[in-house]
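One chain, subunit A, appears in both complexes that follow, with subunit B as partner in the first and subunit C in the second.
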Partner chain A sequence: MIPVYRKKDTLLQELHPATQLALICSLLILSLVAKNPLYQVAVIAATAILSASADVAVEWWSWWKLCLVIGLAALIINPLVSRMGATVIWRGPHVPVLGRLDITLEAVAYGAGMALRLAAVIWVFALLSLIMDPDRALGLLKGKGSRSALASALALRMVPTAMRDSVAILDAQRARGVAKDEGGKLRVLGSRFPLMKRLVSTSLDRGIGLAESMESRAYGSHRRTRLVEFRFGAGDVIVVLLAGALLGAGLVGIAGGGAPFTYYPSLSAPVSMWTAVFAALPVVIALIILALSKWWKRWTWLKLRT
Partner chain B sequence: MKKSIFALILLPLFIGLWAAGDILDIRVLNNLGLMTLVGVALVLAYCYLRFDESGPDTKIVAIIGTLAALSVAGRVLFAVIPNVQPSTFIIIASGYVFGPMAGFMVGSTTALVSNIFLGHGPWTLWQMLAWGLAGLVSGALGRKRRLEGRWRLSLYCSAWGFLYGLIVNAYFVLGFVHPLNFRSVVTTYAMGFWFDLFHAAGNFAFAFLLGPALVTMLRRYRSRFIFESEPMRVPVGTETGESW
Partner chain C sequence: MDLVEVKNLTYSYPGRDRPALEGVDLRLSPGEFVLLLGSSGSGKSTLCRALNGLVPHFYGGRISGKVTVSGKDTVLARVSDLAGHVGMVFQDPENQLVTESPVSEVAFGLENMGLDPATMRKRVEEVLATLRLSSLKEKKISELSGGQKQKVALASVLVMHPEVLVLDEPTSQLDPISADDFLSTLKSLNDELGLSVLLTEHRVERCFHFADRVVVLEKGRVSFSGTPGEMSAWAAGKPWAPLPPITRLFLSMNGADAPLTVKQGRERIRTLAGDARGEDGLSVEDAVDASRMGNGKPGGEVPLVKVENLSYVYGDGTEALKGINLTVAPGEFIALIGENGSGKSTLVKHFNGLLKPSRGKVLLDGKSTKGQEVARLARTCGMLGQNPNNQLLADTTAEEIAITLEAMEIPESSRDRLTDRVLQLLDLESFRDDDPRDLSCGERERVALASVLVYEPRLLVLDEPTRGVDQETKNRLAGYLVEYHSRGNAVVLVTHDLEFAASCCERVVLMGDGRVLADGDKHLVLSESLFFTTQFNKTFRETAPGVVTGEEAARALEALS
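Our next item is the complex of A and B:
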């Protein structure tokens, strides 16, 4: 289990869900598109700064194990399958399917680059999970009358209930001596199977009850009314503009060859002033948002909603 | 124009954009990892919009939410054993009994909601697609009751353990492995084989021990709560209904 969303009184968490998505998408697209590892490092640094601004830095960092495990897979697989590099650092044996295992410096560097890209992408998703309230995100769609969003929202609400039910049923089964907690994983697992049947029937009864109560309150008979409307505020406008600037400048820079980096056939990373400028951009924008989030409690105009 | 049709039209346009980017070597457009992610998102958007446009009954929505919650709870409860989880089996049973669209929704909702607890990542959309397809295909097979019997259902569920791995690992192969050829694809899938094997074995065990009972239970709920009313038959000669 990983740390999940906890409400904290910070600018990033208070933003409109669409604004949060815009910021995350700009970071995600940049980390996927950029070849230069400097970009990936910049995106990771920007994500770290943003998580600090949302007061979730510790939770954000706890994703490092996931980054390490999946990044290691990229680091191992790429040198094993690539024969494109010019600098052979190890001549290995002949392996069926893979052929001759010649490990090249360029393939190792490519693997490391991909591991870094994966880490950047995973940490961007970590930031999304920590700043976006799932209820608000689904609420945005539910307000438009989306039944699929309603199904997701119901599932989200019912998971804790199903977990509580499973604990209660398990306790009852323990009392009867049906459920086992000792004697190896397989034995414990086997004793959990009857739990599923009871859990299914209990949950379905609850689901049907919920549907009937919704119908009795005329759900779906007319356009839904809302107690709280989502509105864009001054803070949203600023963050959307910053995310747009980050994505626009990043894409123009990458498409225009602003930060070139070549892995094959031999490593080439010409450093120019533009490389530094494009790589610094995500960090600068994250620092601006950090500054905004420090002052937003005092600057009441940032909280103004249209 | 319906929104789902719009999403469907966007998909070939997007594939054309990608092909143009690849031929003309436009750096942003020829990125396989990003472009496949957007392509999968469009497919999912089409299916979600189709579901919304079909105007499903509140009871169906509640049952989808409940089954997805069960599937998520099962995934979280069994998270200690790598890839052994009842989710795939519950999704397949849901699709088999309640139809392709409901099956797709239970599958994709399971991935979306369970990753709130287990961690979102570049794999989330692919998981939504893989589990959604498991529910969709099972729903199509359920129309003619092709999976009756303990063994048939169990083998089918275990096959989806491997198919799920094949679809979900695509995010890694397409986005983070280069060059993309037979050798790299085989190596990547070989590294994940044990996880897929655990998944398939778990699915087989769940379906073998609980499959027929769960399918019977879901069918009972469907016949009790989901029904379509036939139009009232008016006796011949009293079409205006005045004599009633």
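Our next item is the complex of A and C:
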């Protein structure tokens, strides 16, 4: 099961959605633009700390399987298809289309760096899905954006329903012997493929029902207003400043060569004091937010909104 | 002035020759509670959708005649413009809730209407408090029960301050307790706020007495319109007409002026019992065959299913079954009853191996289900789930049956014969080449049943087969099951429909909190229950406590008359 947003009384969940997006975007941008894998490790560590501060660490960690699968794919595929790198560690046979399979140390390292970057991106999005209420996200957007947000919110809401439907359909077909459980993976999968048709038609029926319900409640008749009025509080101001500091310092550090790292043609990773400082920044800021989350429960002024 | 006026409405869905509604006339006054009845496919849902403009705006098709709501012609007005006048609640709460929070859901319509936040906040809080939903504000929609979801759906239309509430079988997906709670709420809204209500419902006994007026649709035409009392007189001699069981009973015995509720029926029985005291005649106890009031449990035969100390825990930690012991003998007909979440469905899913015990064991035909493929166990234990649509994969009825025969590896030489036999048994011959998805709800239920009955499993398990089906379909289903049982097969019925259970079954197992609370002959189990019993038992409890079925009630009434 994919863990979804669950309301908990924590600072990160109570922030203005724009503040939440600012924090997430700063982590995301850093993980995408930084070449040094230390940054990706730091972003992952910061995300872990933030998930703990929001009391969603267990749900956040449950994404590890997806990170592992996608990371492994990057780690394996890149050395096989990349022809760059000076240090050949294994000379393989000639393969049609791909050519000669020479595995280089640099390609393996690049694959590992890519795996880390993908894991960082996945975990940042996982954090977003766990701290941001989809309904509040819908409320944040206006105009055409709100339609996309509504479609996303609907899709998110229908995921558990579709999963329940698929279990019910599978059970019904297993109970009449149509869907098999034994006889090898091919037989099992082959017997379940026709069930997709029923699942699609059930989902379409549900979609029509939802459309009827929305139209019956005046959807599309006026310019939408929103019930929830978003207001910034002291906590928002502090977190926005921290997110800005994280992004600003990170980008300045990267642009200024504070954490250099080169994969090709040969690995080069000069370590300096600034490398450690820049890489530690996301973790330090996450720790500050963790501390803020603890104080937030007691310091009521942090909850005051404009 | 009438709030709703339907004049000579005829409507056909796109691509259909036969109209779904034909020459329908209907009026709804302010504050009136109208119950719209009719069998599946009679046009009830179409008429409901015509009132808020979904027909024809959403569905297309051909329309003639006129529908006006608060003076607005629904063909000329947009559906969204009618939303402030007509609030519509649909059958399945899963298909009508848009957001993940009750508060956002209730506010959804107001946001669409462009109201300011202060007005919205007031209205949302007010309606949540009125429907006693305030405690659910912090919950997620997916965490709510079916009844709570349907109440949120009601709140989400009520908040728009409609003048008319239109509800299309809103309780068909709910258990009896949630359904009663929902309908009581509806009645109090009608009483206290003067809200006009148009309700369609198959379980008429739940709401017949609420109605100011009853309208019956037959094949798209209005065949009756009048008060509930007039309806009971009109329905005399029409066994298909939807009436509460107790009304139907008195109607068949006394003719006119039949009671509409259990309370009225009990008073009538009390009077009859007082008059009959001291007279010679048939004792009311004769109504129940005393010889049948045994313990109802199987004797020395080798059981078809043997459940020993069965416990089951779901992945989320819910302990659904707690040390169940149960046997099903060959040729038994058992009803499993109990409130939602009592473990009924979880228990029967162990019979064919869909679930494997967390502790204890389940033996099917003497062999443990553990390690056995469901497809193999299905040869002995056929099962039909709650939603017949989940069963249907093929493009024709005959192909649907062929899929089962192939899966069960029935020799090809016998397949045609078995197909013909099951189609005949379930009156499906005329639908042989039809796509099951194009059939009515009751017909689809029969096709799904045929796809299980065709290979004649020795044990047939049905999970809520009567949910959301009309009386006629129910009567037919009861006939098929009794016939199937008479051939020596065992049937286990999971149901909330106690009248249906009592009419078919011999033994009743009452479950609660994952345990068997009572198990025995239906007369003993039902007559000892305060709530989990039939309308007939509730009516005759003082004079003939063993009465649980319609036939027994008729005999008891005859003895008293």
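Throughout what follows, the second predicted complex is superposed on the first by the 219 of 306 C-alpha atoms of A that agree within 3 Å, B and C clash if a C-alpha of one lies under 4 Å from a C-alpha of the other, contacts with A are read in each partner's own complex, and residues count from 1 in each chain.
Note that in this section a contact is a pair of C-beta atoms (placed from the backbone, for glycine too) under 8 Å apart; a residue touches a chain by one contact, two chains touch by 3 or more.
Remember, predicted model here, so these are calculated numbers, not experimental data.
Residue contacts after overlaying the shared chain place A:222 against subunit C, while subunit B stays out of touching range.
When the two structures are aligned on the shared chain, A:134 is found in touch with subunit B and with subunit C. Looking at the superposed arrangement, the partner reaching more residues of subunit A, out of subunit B and subunit C, is B.
In the superposition on chain A, A:181 makes contact with subunit C only, not with subunit B. Look at A:214: by the touch rule set out above, it reaches both subunit B and subunit C.
Once chain A of one complex is fitted onto chain A of the other, the partner contacts of A:171 are limited to subunit C, with no touch recorded for subunit B.
In the superposed model, A:198 lies in contact with subunit C only, and not with subunit B.
In the superposition on chain A, A:6 makes contact with subunit C only, while subunit B stays out of contact range. Of the two partner chains, subunit B is the only one that A:110 touches; subunit C does not reach it.
When the two structures are aligned on the shared chain, A:86 is found in touch with neither subunit B nor subunit C.
In the superposition on chain A, the residues of subunit A touched by subunit B in one structure and by subunit C in the other are 5, 134, 150, 153-154, 156-157, 161, 197, 201, 206, 210-212, 214-215, 219-220.
Interface of subunit C with subunit A (complex): residues 49, 52, 54, 57-58, 78-81, 83-84, 86-88, 90, 92, 94-101, 103-104, 107-117, 120-121, 124, 138, 140-142, 153, 156-157, 160, 349, 352, 354, 373-376, 378-379, 382-387, 389-393, 403-404, 407-408, 437, 451-452. Subunit B meets subunit A in the complex at residues 26-28, 31, 33-34, 37, 48, 51-52, 55-56, 58-59, 61-70, 72-74, 76-79, 81, 84, 86, 105, 109-110, 112-113, 116-122, 124, 172, 175-179, 181, 183-184, 186-188, 191, 206, 209-210, 213-214, 217-218, 221, 225. Looking at the complex, you find that subunit A touches subunit B at residues 1-2, 4-5, 29, 32-33, 63, 66, 70, 73-74, 76-78, 80-82, 84, 97-99, 110, 114, 117-118, 121-122, 125-126, 128-129, 134, 145-148, 150-159, 161-163, 166, 185, 189, 192-193, 196-197, 199-201, 203-204, 206-208, 210-212, 214-215, 219-220, 251, 254-255, 257. For subunit A in complex with subunit C, the touching residues are 5-7, 133-135, 138-139, 150, 153-154, 156-157, 160-161, 165, 168-169, 171-182, 194-195, 197-198, 201-202, 205-206, 209-229.
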